[in-house]
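Labels for the chains are A, B and C, by order of writing; each one numbers its residues from 1.
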Amino acid sequence: MTDVPQQPSATAPKPAAPAKPVARSLDEIKRDPLVARACERAGDAIISAKEFAGEISLTVDRERIVEVAKAFRDDGFNYLVDLAGVDYSSYPNWTGDRFGVSYMLYSFSKNNRVRLKVTTDENTPIPSVTSVWKTANWHERETFDMFGIIFEGHPNLERILMWDGFNGHPLRKDFPIRGIDTGARIYPEVFPEGGGPKAGSTGKDVKDVNIYKGDWPHYGTWPVAEIAARAAEGGMPPAPELAGVVADTAKPTEEAPWHDPEKALPERMELARAGNLKDKLFAAMAQTDCTACGWDCEGYAAALASGETTDITLCVPGEDETESMLKQLMAGKA
Amino acid sequence: MPEPLMRYLIWPLVKFLVAFLIVQVIVAAMNYIERRLLGLMQARLGPNRVGNEVFEKITPRSLHRFIPGGLLQIIADPIKFILKEDIVPSSSEKVAYFLGPMLPLIPAFLVFCLIPYGPPPTFVVTHVNVGLLLILALTSTGVYGIILGGWASNNKYSLMGGLRSAAQMVSYEVPFGLSIVGVLMLCGSFDLVRIINYQADHIWNLFPQLIAAFIFLVAMNAENNRTPFDLPEAESELVAGYHTEYSAMKFAFFMLAEYSSMIVNCCLMVSLFFGGWTLAINGYGLTTGVLRGWGLAGGILGAVIFISKVMLFMLMYIWFRATFPRFRFDQLMDLGWKWMIPLALANIAVTAVVVLLGLQFNFQGEVVLSIAGAAIIAFTLFLLLRPRAKVIHARRVSEA
Amino acid sequence: MFDVHEMEVNFGPQHPSTHGVLRVILKIDGERIVDAKPIIGYLHRGTEKLFENMSYPMCIPHTDRMDYVASATNNLGFVETVEKLMGITKQIPKRAQLMRVMLSELQRLSSHLLWLATHAIDIGAMTPFFYCFREREQILDLFEEYCGARLTLNCMRIGGMPEDLPPGWLDDVEAFVDKFDAAIDEYESLLTNNRIWKKRTVGIGVISPEEAIDWGITGPPLRGSGVEWDLRRAQPYECYPELQFEIPIGKNGDTYDRYLVRMEEMRQSNWILKQCIPLVKATPAGDIKAKISRVVRPPEGEVYHSIESPKGELGYYIIADGKTQNAYRCHVRPPSFVNLQALPAMAKGHLVSDLVALIGTIDIVLGEVDR
């Protein structure tokens, strides 16, 4: 721990040596003077090793990372430079666990770096190395925030860059690059007008799309594939910024099978035929939950049915079709 | 009109209004001067545009380069303050929030009746024989407005600013008052006119009361919340301190009160330690008698001398502001209680002993004190001006 | 739970001295800080996500936006990492290397000047702010002369530099560096021996060398604690081995030592610049690019490479899958992010006034903290 480095010699190794043509085996790398002493103590936890551009990467058994980290720290690697998560889910020909975490270590006395790696999947926690290096605290929080990798034994594992209650982990490969609708417009009681979440608004329950419940496919994906397919057909991709995401929140449920923007109006009305006035009004809406009217589709229908509003012209995406249907339905009520 | 009415009401009122107006013009001008002067000291321009066109139209071309730019900023600023929206935080304590900026204004303006601007009787608004006490009493009430405003804003930063201000003003009121005691001992009066006349007949109190003058200078900076003691409004810590939530005219009132009390303190400084409107030593030079002998012209000359001296001290405030970093709060308290007050008490003791010995053995106490003061000044100048090694750099740190 | 004397204060994100959008939740007892909890992320733009979705050359302008007061060093770190990944580090021509060193040292000066300006004004000294900006303007003018931009330079390319130096640029740099030492003296005459300045900085935020390493602190804060470690010397890149400079270190690890270290670093950077000018003049004009393919497609592999940015160790961790022109994963190790982590440990027990001094002395840029 108390290894205050001396002035490194001027003949320090150039960091960027080109990749060696002949790859060394695991045992050879373990005997490398750089890592030999640490490997003596915890060498059996090291599963595999790789060398690239003069850097040694050691893949470590996930459960024993703390032990290995301690061995390396005691051997002079008292500075944890960086801790980075990787999502390998779209890596070409990848067969291992989905996530990897890399620990970049530096030794002041040896003036060199070593990389430790562990792999994990969505649900298996990695033991936290905060007990070994204090600096791991924020790094692990960031990795949790960005990938959803859980670190067991972390004193305060909460989001750091995204806000509390953000749904999803942005650096996962299936997170849409254009972002997701965070619900800012749909839930004004949580997200005040003017956008942005209220600090500490995590107490909100149920429907809030913004609360992360560990339910991964909840937010859906940005329809990159869909755009590509339409472009291939010659058509333009859908214009509205969040169309795909909004449609995703408007999935049909058992109570409201008509709540699906893909269905045409007559089909929706047919589905809602057995229901009460509110259901029929609901089915007449455009089903995009666009909130242009000030409610989601169900809310607008309920407002019309209860007489809270009498303005039937508010549904913008439904256009004339919806308006005339609403007119008929409201006239029926009268 | 009956004579007493004229003497006790109308004339003082007229004099007060004239003095008040002049002071307010000085306040407005100070704002402009401060900004231009800070600009000069800080390698930038300061306000240099407003009104240039007007002056270029009404003056001959040859004079243009002598007119400082941006003169009408003096008028533009108040107009801006008046026209801006007056925002009242919804959760503030409305009455107290309203009173906050008003309270410091009352004593700040009232004090202007008590200050002699020139030789009496014409340039003294009201001649109170305990004027100094009254001024001290009035100026120390200014803090209530700041505390009230800070509390009523319902903002934690404002509250902290108000609390800092309260503690600071209470702490520095003590050395502020104590530093004057030595002057009172020498002059034997609370009457500012008599103090000034005494200085003209002997020597500026600066010399016999050098320590007191220094303490007074520090304490008046602290009293006015000016750098390096501007903690109540430290913008980098408390956003804007007690006036964070104030806008428009209410904010301007705080500014007005601050600058007014700055002027009051400078007037006190000049009256107590720098001979007021006189320029005389040991009875020779422009004493009150000489000035009164010249009639109104002499009076105006005295007032000009007085205001010039005051302006010099106002410029010193600006100079301080450009130079010093800010104290921390506990350091400020340390300085006040552990250094200023003991020093002031020691000064009182020494002055008292010397004055008493002088009475006993029949020599002039202030001469002895003046010699000591002059010696201190000479020694300080020597310390400041002697050739010194260059500043220490980090390489030395690494060598150590 | 709260003690009855404690008050919770929201310090930022809209606060004059949090240097951007840092938010610190303070628990204070009177003015004494009981607990400080930094909240970050207000400036998060998903830079790492963007890196994964664009080719390597397209990433370079995005690196500018991380530490936006020191964009040349961000560029340098990124292009060097990609070059290391491609194994072309040794092919960079001498002239390009020198130009990179000059730009990053100028950038170090401008970053430190901004730091000094804001640090001083946080502590209440108003004038150094304007003096520092006077010189910083001149540096930005030099940048503008070279690449047209003043702040986000985008001034380096993988394999070399985008264009050669404009005629007369070296003379302008020379004129600047000749005057700059005197300018540093001017700042120091206002601050270094000032009693109030010392009172506000000596003994504030002391951090021991062991603790500093444990927190992963790098750059001037680490050297202020007495650890003589500078990546330019420890793991030299570009042509730093040929240049002479000293690594200033502090003794006590307090705010004052960190101040002295940065002031001396400015002198050292100026010295490096002075050495560079004749060296650049000796290299053939126009030799600024390695002969590499225009399409940057590194082999499969992963590298971590870091440089000494003005704020500390700026590292890039790039994983390439060998198939595409995009990085499969590009992680940035921002010095501000890591250094900021030690703020609660440094601030505990100090006063609110010291917190602004500490935020200043860590020298954070929120664009880099949040990425």
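Note that a residue touches a chain if its C-beta (ideal position, glycine included) is under 8 Å from a C-beta of that chain, and two chains touch if they have at least 3 such contacts.
Owing to the predicted nature of the structure, the values given are computational and were not obtained by experimental measurement.
Chain centre most remote from that of chain B: A (centre = mean of CA atoms). Relative to the centroid of all protein Cα atoms, the closest per-chain Cα centroid is that of C. Per-chain Cα centroids separate chain A from chain C by 29 Å. Centre-to-centre separation of chain B and chain C, using mean CA positions: 44 Å.
Chain A and chain B have Cα centroids lying 61 Å from one another.
Contact with two or more other chains is made by no residue of chain A. For chain C, residues that reach two or more other chains under the stated contact definition are 228.
The touching residues of chain B, counted against chain C in their complex, run 38, 41-44, 156-157, 160, 227-228, 230-231, 234-239, 321-331, 390-395, 397-398, 400. Against chain C, the residues of chain A that register as touching in their complex are 1-8, 10, 12-16, 18-19, 52-53, 55, 57, 78-82, 84-87, 91-92, 102, 104, 108, 111, 113, 115, 133-135, 137-139, 142, 146, 159-163, 170-171, 175, 177, 179.
Residue ranges on chain C touching chain B, taken from their complex, read 7, 9-10, 15-17, 31, 120-127, 129-131, 134, 185, 188-194, 196-197, 199-200, 228, 246-251, 257, 260-261, 263-265, 267, 351-356. Residues of chain C that touch chain A in their complex: 40-41, 44, 46, 48-50, 52-53, 80, 83-85, 87, 89-90, 209-210, 213-216, 226-229, 233-237, 241, 299, 301-306, 313, 315, 317, 319, 321-323, 328-329, 331, 333, 337-338, 341, 370-371.
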